[in-house]
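In the two assemblies presented below, chain A is common to both, partnered first by chain B and then by chain C.
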Partner chain A sequence: MEKQVLRFKVNGDEYEIFIHPKTLLVEAIRDHLGLTGTKRGCDTVSCGACTVMVNGFSVKSCSVLAIQCQGMEITTVEGLEKNGKLSPVQKAFLDNGAFQCGFCTPGMLISSTTFINELNGKVPSDMEIREGIEGNVCRCTGYNSIVRAIDAVAQGKYKEE
Partner chain B sequence: MSQKKYTIINTPVHNIDGIAKVTGRATYAFDVTLPGMLYGKILRSPHPHARIISIDTSKAEQFPGVRGVATGKDTLGIKQGIWRRYEELCDEQILPLEKVRYIGEPVAAVAAVTEEIAEKALDLIDVEYEVLPAVYEPLEAIKKEAPTIHEGVERNINVTRHIEWGDVDEAFEEADYIREDWFKCSGQHHMCMETRCAVSSFTPEGKLTVYTGTQSAYYHQGLLAGVLGLREGDVRVIAPYTGGGFGGKFELDAAQFCSAVLSMKLYKPVKIVFTREEDFIASKRRTPMFYYVRTGVKKDGTFCARESRMFSNGGAYTGMGATALYLTGFFHSFPYKWKGYRYDGYRVYTNTMPSTSMRGFGAPQGMFCSETQIDWICADLGLDPYEVRRKNGHTPGYEVPGQAFIGSCGLEECINEIEKWAKAKGKLPANRGIGISACGFMTGGIFNWFDTPYSFSSAVVTINVDGTVELYVGCQDIGQGSNTTMAIIAAETLGVKIEDIKVHSGDTDHCPADLGAWGSRQTLMTGNAVKMACEDAKKQLLEFAYAEMGINIVYDLDIKDRWVHIVARPERGMKYEDLVKKALRGKDGQRIMGRGYYTPHRKGMISPAYSYMMQAVDAEIDPETGKIKIHEVMTAHDCGQPINPLGLVGQLEGAASMALGYAYLEDMPFEDGKLMNPNLVDYKVIRSTEMPPSPSIEVDTYEQEGPYGAKEAGEGLTNPTAAALDNAVFHALGLQIKELPITPERIRKALAEKKAQEAQK
Partner chain C sequence: MINDFHYLKPASVKEALAMYAEHDDCKIICGGQSLLIVLRQGMLAPEYLIDIKHLDELSYIKFDDKDGLRLGATTTHREIEKSDVVAKKYPALVAMEGKLASIQTRNWGTIGGNLAHADPAGDPGPVLIALKAEIKYGNSKGDKTVPLDEFFVDYFETKMEHGDLVLEVHVPAPEPKSGCAYQKFNLLDSDMGIVAAAASVALNADGTCKDARIVLGNAGPTPLRVTKAEDLLKGKKLDDKLFEEAGKIASEEAQPVADIHASEEHRRHVLGVLTKRMLKKAFEEAQKAA
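After this line comes the complex of A and B, so read on.
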């Protein structure tokens, strides 16, 4: 198969890269753009470490081809902070100690941010929060600190700076 | 009792690596790319036991894009092991020359310009094997007629351990009631989110640099130097952020070794990353154990004697397994006083993946058997399980005969707290029960099987002209937050702010040697070294303060919040940063530098200090399906003086999730030596929706051996949970399940057996 041109926006920046059509989105992000914040933790779309936002939706970037994202807008963990200011979810993760080794954290932050965005101001139940991050494995924290962090943001305790 | 009022200790502090971790700036070995880097892949044995007749790599070497292939013949053929004081326990050649002993064992490695080419080239390597008979279970492997896995090792017995105190037979004579049970404890995979990964770069100066995820950069430096024939000082191990460890990342692994061998052959950087499947089949696991437990008690519940025999599935090699063999036997006695205690452990080689240390280090298995049997004994004799635990539990100042001295011990308070909590729940609905389990754990193993000539922990601190502090430590932050803990201890000791401390760790070229993150040792051992280094630096600073302030030498001076002052009259003093500038001038420009170290002496056989805890699990079981729903896991915990409450809560919640996984979800089934679930679809770890609330309370103790009174937290709490859940199942349905994990199938089977027994009556 011939290589193809992929034009897409990542964290607000326009990119044009020349890729093999079977390149996965996670490979394009990590290997072609050098944005290594996004991780890979399995080969079976099970762990969520590679979760990124595609046009506002949470997507496991090992499960889609990069070329399927032609013209789309991607947000990775590196795109959550704005001009050195952390996003509400990032701040809540810090305050609640919602990470330890940090390897699942980029994917977990994206899933959490998408979940918060989709609430449109509604305050979720504990189980709704848990379902929102069910696709992301964290081996260190036991999730409860992450749930507290998301809950704090959903309760409006953190404001966008 | 906390003896001092602290400035920073015991206040919640953000993880000092937190900003890096929540913004994607934190780079792991997995993220490292070096100029001209090649990618390596490993060819693995499809046989559980086979002789290697020949390996033909010629076709693979000629494949376009391949730069080199390594087999055992490219190595020095040294048998290595982390118990390097004992030659017979150094039994593993990564890339073996003669035999493979488990499915997944590396036999060759390829370096190519892309990972894809390297993987394709693996298919072009021809290995001729003579398949040998294999054995997978320790109780089979120990039989006379079983195949020999390591030449000269009779009955495949790798290591034995005997622990005994008191007159055991006499103590059994005193017992009114004796109970015997057999247990089977499963393996568990560490399942670190970052799989095994290394980037090795060997240069013409004869120096090797290895970027890797590790629990001890120093161990890996020593192990690599030994097996590659290099001087230790010519090997630099850089541990960037490490994506989890849990006991699985301090032995030498094939990613580290094979990338180093290929890089030394090719003079190019080589990166090897295990796939999740490779990580599952060939990166070791928690040791599966068979336990026979015989316990004698008096009518009133006083413990008399215990005698246990344990056979563990060691897998193909020794690794850290020899330590787990000792610790499981010791902690099987914990946290109780036994008049007589006898343990005989046999670690048996089998043709399965090697077993090693994992969070709890053998204690979760030993305590599962002990704590369930205690509840069953209580039921047999009509005794109160809280009262029996209180009656026999460790107390401050107790000596485990010939083994350990117990300093601080908050066990009784922990039992009281959990009893209060459980009784407040009142009567539970049908099929729901609360199970309890007491436990304790070490605060830093005092073992030196690695035979290091360095102190166990060291720290160097230097103070910059503006008062900022460079702290150099060899302890390894694998996510548990040791960098933050050391920064807190340094800031508290020096009297500066936490943001003044820069922690340098994870680089053997720049940091002092430290045994690393295992056996819950860093807070106590590295923490004491950091405290000593900072006290050394502070003393030097205060010498100048006495001169500068011209005060009576019997006055006490201290620094707090960057203010140097007379203790009795805190308003009289000077700014810390001014003192630092003056001290620099006074020392002819030499920086203030403090040094500290920790090497345990006269601390018993195991550890300088012990944490204690009591846990309760509230669980509901569907008797139709056998499915378990866990409502809550409650812990009362004694870790001495907490250093960082935020980090502490994280450690305890994380331990609860990993231990619950061990109790009822995680399993590693093998068929003919082949792991049947080497992926995250079939290997079940706890997910967010399954994790129950897991609150904890700290009881107030102070440990003399620990820095500022601190003890272990986070590893020990992996120990009680399997027993507590099993006891909940016992109290809910009357089932005595003696095999882990407690799956729906096992519950249904036990229910059917119970019904059949009742029908017979």
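After this line comes the complex of A and C, so read on.
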């Protein structure tokens, strides 16, 4: 089948790649751009390890055709830090030890970031935070420290540098 | 591994319908949150895939006090969930969307795609049927509108034929003194329901039941209306005993299958309990409503 041109922006950089239309967004990001922070986990829209932002919304990149992202802006975990400085959510994850094996972390960071962005300054309840990361599975079950990290950012303890 | 396909990107609904009519071995993709899974499993291997995700002419939420709610087919679940007017007029719809899969899926998946996929475990079907919704679909020759409870034919099958595309879902304006409720039973919040029940109740001025709908999810090949239980309630002064009775009928009328998640017996039991609870909840909402 004929390859197609996909032009999109990833972490602020313009890319133009030639892909088969069946290429998934996670494959375009990992295999074509070499950005391997985004993980391929279950491949069935269940685990959330492949979560990236498309035009600011979190999606599971294992279940989005890359070609459908024509002209769109993608943010992966590599795009969260600004000028070599970690984002507030990343710093909070570090301080709260919100990792065990780390495989879910890229997806968790993206979901947490979109969750914080969508709050518009509102301070969420513990349950709302848990619902905010409902689409992300941590097989080490380290949820409490992740929730603490998100809570710390929502409380305004971390500022963008 | 997904089989190769030709990717088609129409510029309008009209062009999409023309493409669909032209190619025999062809599927529509919108959010693809259901389709990509079956493509990956090799259960479907179409030669052509028509992408309608970008067709904004089908992405809208319109509400009018007389006409009710109109949802364009490519409207995402998340847009419905976040809509103020839907939250105000159809809270059961927003509550359902909030529990549909995960945020990521709701951000990309669409209402039209969900209904076209016709998974009997899908969440929107039962609620929309309880709300007396109808669905508009069409092909290059014209379109038609059918009540949503007649749209689903079998497992993953609808009335639509080759070339037909879901265009719009229409939910009538809420009746006075009416309420609707939906709950699914699952172990993980972002899972599909092991079983689910939706109920709606509308009351007469004297407080008796004017109309009621009971729709079960994942309890048969399609969302299942329990008309026998609905008839039991109509015209009566509703109480817990009637809800219990309706739950029993729902449990008997259901056609659930057994699988790794639950036995048939367990599913029947839960369906009875959910029906009773949802009727009570819908009834209490109807009493409070203007």
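The rule is simple: the second predicted complex is superposed on the first by the 160 of 161 C-alpha atoms of A that agree within 3 Å, B and C clash if a C-alpha of one lies under 4 Å from a C-alpha of the other, contacts with A are read in each partner's own complex, and residues count from 1 in each chain.
Everything below uses one rule, namely that a residue touches a chain if its C-beta (ideal position, glycine included) is under 8 Å from a C-beta of that chain, and two chains touch if they have at least 3 such contacts.
None of these values were measured; they are calculated from a predicted model.
> Could you say whether A:Leu119 touches chain B, chain C, both of them, or neither, answering first, second, both or neither?
So A:Leu119 meets neither chain B nor chain C here.
> Going by the contact rule set out at the top, does A:Glu134 touch chain B (first), chain C (second), both, or neither?
It touches chain B and chain C both.
> State whether chain B or chain C is in contact with more residues of chain A in the superposed arrangement.
Higher number of touched chain A residues: B.
> Thinking of the overlay built on chain A, is A:Lys39 touched by chain B (first), by chain C (second), by both, or by neither?
A:Lys39: touches chain B, not chain C.
> Does chain B (first) or chain C (second) touch A:Ile17, or do both, or does neither?
In the superposed model, A:Ile17 contacts neither chain B nor chain C.
> Once the shared chain is lined up, is A:Gln4 touching chain B (first), chain C (second), both, or neither of them?
Second partner only.
> In the superposed arrangement, which partner chain does A:Val64 touch: chain B (first), chain C (second), both, or neither?
A:Val64 sits against chain C, while chain B stays out of touch.
> On chain A, what residues does chain B touch that chain C touches as well?
Touching chain B in the first complex and chain C in the second, residues 43-44, 46, 131, 134, 136 of chain A appear in both lists.
> Can you list the chain A residues touching chain C in their complex?
Touch residues, chain A against chain C: 1-2, 4, 20-22, 24, 43-46, 48, 51, 54, 57-60, 63-65, 67-68, 70, 111, 114, 131-132, 134-136.
> Residues of chain B touching chain A in their complex?
Touch residues, chain B against chain A: 12, 14-15, 17-28, 30-31, 191-195, 241-246, 275-277, 478-481, 646-647, 649-650, 653-658, 679-681, 685-689, 691, 693-694.
> In the complex formed with chain B, which residues of chain A make contact?
So the residues of chain A in touch with chain B come to 30, 35-44, 46-47, 49, 76-78, 80-81, 86, 90, 93-97, 99-106, 109, 127, 129-131, 133-134, 136-147.
> Which residues of chain C touch chain A once you look at their complex with the stated criterion?
Chain C residues touching chain A: 2-7, 29, 32-33, 36-37, 39-40, 49, 51, 53-54, 78, 101-105, 107-108, 189-190.
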